[in-house]
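Working notes, structure below.
Note that the chains take the letters A, B, C and D in the order they are written out, and that residue 1 is the start of every chain.
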């Protein structure tokens, strides 16, 4: 199994899932009072924006993570399919959450459902990382051992954080959505991924590493 | 016709079909009792997961099979389009089966319909293989003659197995779905494909063949 | 504008349009009599199969035609976008035709609408070819002048044939659908495209031309 | 982050969004008077054509703009995701505008909503350009300094023009749609982009620049 092909199939699923999100926004029902109708749908737009950001940032980090792999094997491909399933599924809870918030009914259930999907996603990320990094099975030689342990902690911790976000969902669905956006921003800005994106130059952060293009 | 382009078009169809599966899950109708409503839809989720696994594993094996072809010709491209049609169609019977199971009506008809689609898919696989392998028309020279006969038996047998699964569909739709999952797992784990994925090294199974990247 | 990118964007639209066709098949309404309900929807399946074949074969011939171009320019890119629009639009008349035939109402209107879409498609093909081939603007040097005239006749004639098919649509929608399938088969099997697919070797048909991989 | 991958992910989103537009056209409700029913839906077709042209031309200009970048960094990738979000969202206001015009209700609201989406898109374009071009952060050395200032004016001005188009939306939704088409045509034909597409040869317009293939 060629690594480039797995990445390019994954890119396809990411790009399609992110574009398909738009069909989760319910069509307006009342065109006579369209402004009001669209106004009540702002939670669907908010859920759309959050999910779009989540998938976009995950696509970016997928590249960073795969950039550390020297090769892929059949086990990794299956775990990657599991990961892609949680991403391709996201439009469904996004639509349900947006609609529940817009209707003002079932919000907490919808938020828990969204949180469960994100937790499954975090578990798939952790499983993929643990499989690839255990005994450095698929890691590139240039990937520093110290960073491996930090990343393992972070991926494992991610599953706990997303599971915990479901508790918040039971309290307030809007706060839950805000936390999902904040978590996405964290993964967008986390130094680990920024470093990763620059080809895991461990020492001088400001310098341009020679293998940047491969990152 | 360039082989890389056929593969990359096929990858696109696989990636879109697998992502499009999510639209087959019916939106909840009752947001006041959303937890109950989502609960009754678990068969749709189960059908989604099984179809996702089927398309994902088929994508993987499509690569393995095309990895054995030295070139493609126009006949193969048409048979490949036929194969892609059965895959791109799968979201429809998936949605029907999930909905039938969730409603508790029409389950066996829906399962037979799903089984008929999978049988058509198995026939397309067999036709593609027989066309490409007969008199080694498109096979790479490195592909061992002994394996060719085994593969021909397996592809032909697949059509019988999937046709037989329709009989089970008449008895119990849930058992049918379980068998579909089991068949997908078989194709994921079958030694033939694992070997194939490693570049058809016939002798030393444990060794890393030199042409792995092309597999 | 890089030719490879135009082709790869076009491939994406072809692959996505062909996969999106499945959403044109209406979900069954009556799960208590699902077998009967699915039975009445066979015209939707027939329309699906015909449109799938049309887009698949058009994708194949798009490659052949672009294989004759030495380069692309901005004018060609716009005409290609026009062509892609008629292809990306096809799921809509496909759904309308299938539904009209299944309901037994509006069949002829639906068939004319489908025919109008195919005529627009044929006009786009002709415009693209005339633009690219007039004074051999974008043609590869190896493309024979004699074939250029034949192709111009064929593309121009195609617009007339598809326009004429709309007259048949007024008589019988099923016959119309059959003719669309026959036209697709013609474009699949036409010697011009088979030659084209082999890298426009004009002389020895049986020989394998040296530039086959680029075809 | 590899520039080629960002472009190819973007191409995927462009290709899917442009193809997904077709699902925004409402299915006919009355098959007994299908010709009349399809006739009343012509505004949906018009909105479809305009949005298709907008996304297609934007895809083309996305290539031109990225052709001027020597590299991409994480900041640009985020701004590009923001840009892609406004494009992937376009099918929603397209569907709403077409439906509002077809029903003759809510047209102005729908047009303002469409205009707001296009304004957000123009802002994303301007932000992306300003980020990449300020102090020539990511610009290729060959990109002329004089053109940089012109482009900055044009991108900034674009946000004003699209915001102003919302005022027209309040007067007449059809005129608004016509202006959107005209703006798309302007961006298709603007000399800046035509030059850009030829690899920013600033001097001899008629000559074929040596780096055309990279454009």
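Here, a contact is a pair of C-beta atoms (placed from the backbone, for glycine too) under 8 Å apart; a residue touches a chain by one contact, two chains touch by 3 or more.
All values reported here derive from a predicted model rather than from experimental measurement.
K.L.:
Note down the smallest number of touching-chain steps it takes to go from chain B to chain D.
P.N.:
Shortest path length, in steps: 2.
K.L.:
Shared interface numbers for chain A and chain D above half of all numbers used, same, or below, different?
P.N.:
Looking at both copies, the contact residues mostly diverge.
K.L.:
Taking each chain's centre as the mean position of its Cα atoms, how many Å separate chain C from chain D?
P.N.:
27
K.L.:
For chain B, give me the residues that contact two or more of the other chains.
P.N.:
In chain B, the residues touching two or more other chains are 8, 12, 16, 20, 23.
K.L.:
Can the chain contact pattern be summarised as a line, a ring, a star, a complete graph, or none of these (other)?
P.N.:
ring
K.L.:
So in the complex, which bits of chain C are touching chain D?
P.N.:
Going through chain C, the ones touching chain D are 1-2, 5, 8-9, 12-13, 16-17, 20, 23, 71, 74, 77-78, 81, 84-85, 88-89, 91-92, 95-96, 99-100, 103, 105-106, 109-110, 113.
K.L.:
Touching residues of chain A toward chain D in the complex: what are they?
P.N.:
8, 11-12, 14-16, 18-23, 25, 27-28, 31-35, 38, 48-49, 52-53, 56-57, 59-60, 63, 188, 194, 197, 212-215
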